[in-house]
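Look at the two complexes coming up: subunit A is in both, with subunit B in one and subunit C in the other.
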Partner chain A sequence: MFLQVLYEGLTMGTIYALLAMGIALVWGVMNILSFSQGEFMMVAMYITFFINLATGWDPLAAMPIVIVTMFLFGILIYRTIIARALKGPVLSQRLVTFALGMVLTNGMILLAGGQTKSVPDKLISGTISLGSVAISKEKMVLVVTSIVVTGLLFWFMNRTKMGKAIRATSQDKEAAGLVGINTQTAYMIAFGISAAIAGAGGCAMTYSYYFMPNIGTNFMIFGFIAVCLGGFGSIGGAFIGGMIMGIIDLFTGTYLSVSYKYMAVSVIFLLIVTFKPKGLFGR
Partner chain B sequence: MRLKSVLASEKGFVRQVVIVMVILALIPAISRGEFFVSTLCLSVIWAIMGIGWNVIGGYAGQVSNGHAMFFAVGAYVGAWGLKAFHMTPWITMWIGAALCMLLAFIVGWPLLRLRGHYFAISTMAIVECVRIICTNWDLIGGATGVSFFEKEMSPFYTLQFQNRVPFYYICLAFMLAFIIISRVIQQSKFGYYCRAIKANQDSAESAGVNSTSYKRWAYMISAAIVGIGGALYAQYIQYIDPVSLLPLSNSMLIVLIVVMGGIGTIWGPVLGAFIMTFINQYARALFNQLSGLNLFIYGVLCLIIVLFLPKGLISIFTNDKVKGVFKKNKESGKEAE
Partner chain C sequence: MKKLLAVLLSVVMVLSLAACGGSDDKKETKALAAIFEDIVNNKHDDSSLPFAADEGLPGLGGAKIEFVFGDQSTPEIALSEAERLITEEGVIGICGNFSSATTKTTMVAAEKYGIPVITEGTSMSLTDAGYEYYGRTLPGDDVFIDNTFAYLDYLNENKAADIKTVCLISEDSEFGANIAKVEAETAEKYGYEVVENIAYNKDATNVTSEVLRAKQADADVVMMSSYAADSLLFMQEFKTQGYFPKMLFGQRGGFMASDFALNLKNDSDYVLTTSRWNSDIDNDATREITKRFSDAMGVTLIGDTLIAGWDGIVLAAAANQAGSTDGDAIRAAMAEGVQIDPATDPFGLEGYKYKEKNGQNEFGTAIIVQYMDSQLATVYPEGSASAEVQYPAKGWSER
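The block that comes next holds the complex of A and B.
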């Protein structure tokens, strides 16, 4: 039982982690609290769904297309909306992403209807049984995706020139500009990558979850909390924060009460923030 | 004597109040259509909540994303007072406001030390807690909510009117009171301290401003005003449940209305509330076949206004291009600062 709950907690945690890493990237680089990250995930789910509907491709096969589409979509959003909002006050930036989320959710309701959808006939399905633990293969897809995405993100941020440029820009925009980094491009790529992470997450989530247009708003707050647990804009912190959230979520849900499990997450977050105002791993 | 001198120094403001109030009071004469008057009432209620949020978010610069909590507390107290104890909202709304202040005092103690995004996210987490408590607490209706339409008692006792015109005037009176309170706060020493904290908390503190205390007072006043807005809303809608009162979007809509109107200004929240409520209500009525289109339009409009008018719709009036009563106020405001 304990191991089963732990496994389910880790799968839940990977969803929060994928969401939180996208938020943390935008937060760390351009100091925007992005309310549209959950909606990006929702858009990715629907792109997967439409690809599946049109060509019958499995979400796994569609994943590269979804990731690239979401990357380009992120860049489009950055160029049309975020770049302009960055010149305004901080509050406007936050509200712009909230309004964008509203537009995306309701645009999707117009386009696809408000009913719940799911992708039929998955390539990988069934369960592996390891003693008392039943591991669902569909959820395994999510875990593997999350680990691969996190690994790639770390490699990109630490090893490539662009990643280093993004990190430099997030530390000090003016100084980065002085040493010849194109900060506008760095911002744009960072926003695109954040949308691409949402793309990978959304695509993998269609493997084991139903979805509807307003799914994004439901777990938005938990993405924020995961980022805060990790601390200011730190991507590794966001990953660990997401995992902690998933485990708290499942353990309180199983052993205490299902209806109060989200409250446990919020209360633990509030306690941590009260005593460590910069998060668990914040500087 | 003192009142006279205050009135003399506030000439511009008094003129604005008289003009706006006369216009708003005469609007029901144009049309007494049920839908039109309902939308007016709703606009005034949202304006009250906007004015309330503006105290902490606009003046003190602490952007709370959790004012739906106070809205809901006000609404629940009003609803239960009437349903369970047959108490008039005229009394329960003050109980609700006091409860909101108490809640703000308790919640503000740890939260107001946080800054920026952390404060916003924590307020959201608190609302999430309140939502879960309200959903699971069967004593106050649980997930099904409370419906409390009272036919036997006088509408002036229950504030539930068949014809909403008197209710509109009652709400308008409250709005007038809160506008005056808002102006008093803005012009007082307290308001200056709040703005100093907004501009730079560290330098305000080093100049001897007790920022924790002032932020807490601003948060409590703001909570009380929003609580009264919630009580009025409960009597307006006559049915409340956690799903309609406490989603994240409700807290954000309060912020959105203030920012669209003009953050930190007296008339911004009022302007924002009227324009956005009318657009939302009429778009919903017009496109009721296409679900989602009304909020889609609303979202696009918000995007455009926030991107192209960062100081809000009120900046159209205060701009030098348009001369009028509002411009005078801007000048006198500059002198005062």
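The block that comes next holds the complex of A and C.
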């Protein structure tokens, strides 16, 4: 049972981590709280669903298309909304993505209806038994996606010119501009990548979740707590924050009481904010 | 007399999803309302439904009925919409797909203006509130749950089911908390041991620990109260964890929603739920309304949709019987007993007599249905059953 709970906790943690990394990236680079990250994930789930409906493609086959579509969608949102909001008062900057999230949710209700959807007949399904641990292949899709996305994100941010430009912009925008970095492009790409991460996460989540337009809202708060745990601005911290949340969630729910699992997450969050205000890995 | 009835349901979908499901539910309720309007307002010699032989309501000089629609996506909106429907649209009664929470706020306006309301929120707090103009045609949670445990007794006595233990899983909303409380009390009354009682967060993003706890408890019956999204989440997790109890019993909610079998397909099989009505019930009125609805919408009519419109027909029949559209006269007719020819009643109830003290129809009864090949089949009571219950359920690997 212990190993099963540990596995399930890590699996859940990967979802929180995928959400948290997108939030951490946007906050770290442009100080925008991405309240719409859960809704980006929801949009990705619907894109996956519609691709499956039109072509019969499995979510794994559709994933590259979904990621690219979400990246372009993120760029579009940045150019039409975020870039303008960044010129406005701080309150507008903080709330713009909140409003965007509501528009996306209700827009999807108008577009696709409020009924629960799912992607049928997935390529990978079933369970692998490893002793006392039952490993769901559907959930493994999420775990592998999360690990691959995290690895690619680290590679991009540390090994590519654009990644380094984004990091430089996040550390000192003016200095980055002085050395010839186009900071607006860095912002735009960072926002696009954040949406693309949600795209990968949402696409993988269709393997194990039924979904409706408001699914992103419930995940959102946990994404933020994971960022706070790991530390705002730290992508690695956000990943670890997500994992910690998933493990606390599952162990408390299984061994103590399901009524306490979110309280336990919140207590850990309060403790870390109290004794390490910038989070475990915050700068 | 133009606008006789108001059906409150969400049509302003941009505001919320919370209360009454998705837009397809609204289309279905509107389609049913249109069928009933046509039946009542026009002569249909070949129909088995109420007022089909007349053109309009004979007790009101042939008055036509019209269903007017409002939004009840949140309790606050339900209140303002009820005010609007009563004061601006001039409706004489309110019915529809209400939750207990939205019924409560609607009753504030209904009591203020003396307008009768018939809705099917199952919380006992509705019948305990002392409303003067409230009515509920079908049972509340107490009767649904009592029928559930009576059914377990029936299985033990007649099918040697050997059911002794129960695990309760309910969301931590008013809906789930009320049901869990009554289930625990009723289990004790009937002598069943509750080995696990799980109240999960209604906004939960995962239910893995809930399912692991239920699996560990290994009760003979798992009883659940969840709305649509959660019921699907649980079913997915049950399958992931390779766990399915001998009997999985839902208390309506998500287990009765059209989304359930639509998404799960054959994974919905073996799940039982209490219900208000099912399309396989053997009477002419059921066959007719099911066919008319299916022809109009291309989907099977479910009990929650039917009762939303049927309560409007009961209000119309009460007004017809009273010979008046006055709220007090309609409520008096409800208390006296609304006369509906049993041959025209798809629910097949023995009567429609709404108690003065709490508004509950004395003759409201429940049925028990089970998913078989992803379709609902009535399995109890025996007189209404179209199929034999499948018990114990097969595990996931045996299907």
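In the analysis below, the second predicted complex is superposed on the first by the 282 of 283 C-alpha atoms of A that agree within 3 Å, B and C clash if a C-alpha of one lies under 4 Å from a C-alpha of the other, contacts with A are read in each partner's own complex, and residues count from 1 in each chain.
Criterion: contacts are C-beta pairs under 8 Å (C-beta built on N, C-alpha and C of every residue); 3 or more make two chains touch, one makes a residue touch a chain.
Worth saying up front: this structure is predicted, and the values here are computed from it rather than measured.
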Partner chain in contact with A:212 - subunit B first, subunit C second, else both or neither: second
Which superposed partner A:250 touches (first subunit B, second subunit C, both, neither): second
Touching partner for A:170 - first (subunit B), second (subunit C), both, neither: neither
First, second, both or neither for A:134, with subunit B first and subunit C second: second
Touched partner set for A:84, first subunit B, second subunit C, both or neither: first
First, second, both or neither for A:116, with subunit B first and subunit C second: second
Partner chain(s) touched by A:266 [first = subunit B, second = subunit C, both, neither]: first
Touching partner for A:36 - first (subunit B), second (subunit C), both, neither: neither
First, second, both or neither for A:106, with subunit B first and subunit C second: both
Shared subunit A surface residues [contacts with subunit B and with subunit C]: 106, 109-110, 114, 213, 259, 262
In the complex, subunit B residues that touch subunit A: 63, 110-111, 113-114, 116-118, 120-122, 124-126, 128-129, 132-133, 135-136, 247-249, 252, 255-256, 259, 263, 290-296, 298-300, 302-303, 306-307, 310
In the complex, subunit C residues that touch subunit A: 13-15, 17, 21-25, 172, 198-201, 203-206, 208-210, 212-213, 216, 228-229, 232-233, 236, 240-242, 258-259, 262-263, 265
In the complex, subunit A residues that touch subunit C: 1, 4-5, 8, 12, 15, 106, 109-110, 113-118, 120, 127, 134, 136, 138-139, 208-210, 212-215, 218-219, 222, 249-250, 252-254, 258-259, 261-262
Contact set on subunit A toward subunit B in their complex: 27, 33, 35, 81, 84-85, 88-92, 94-96, 98-103, 105-110, 114, 213, 217, 220-221, 224-225, 228, 259-260, 262-263, 266-267, 269-270, 273-274, 277-278
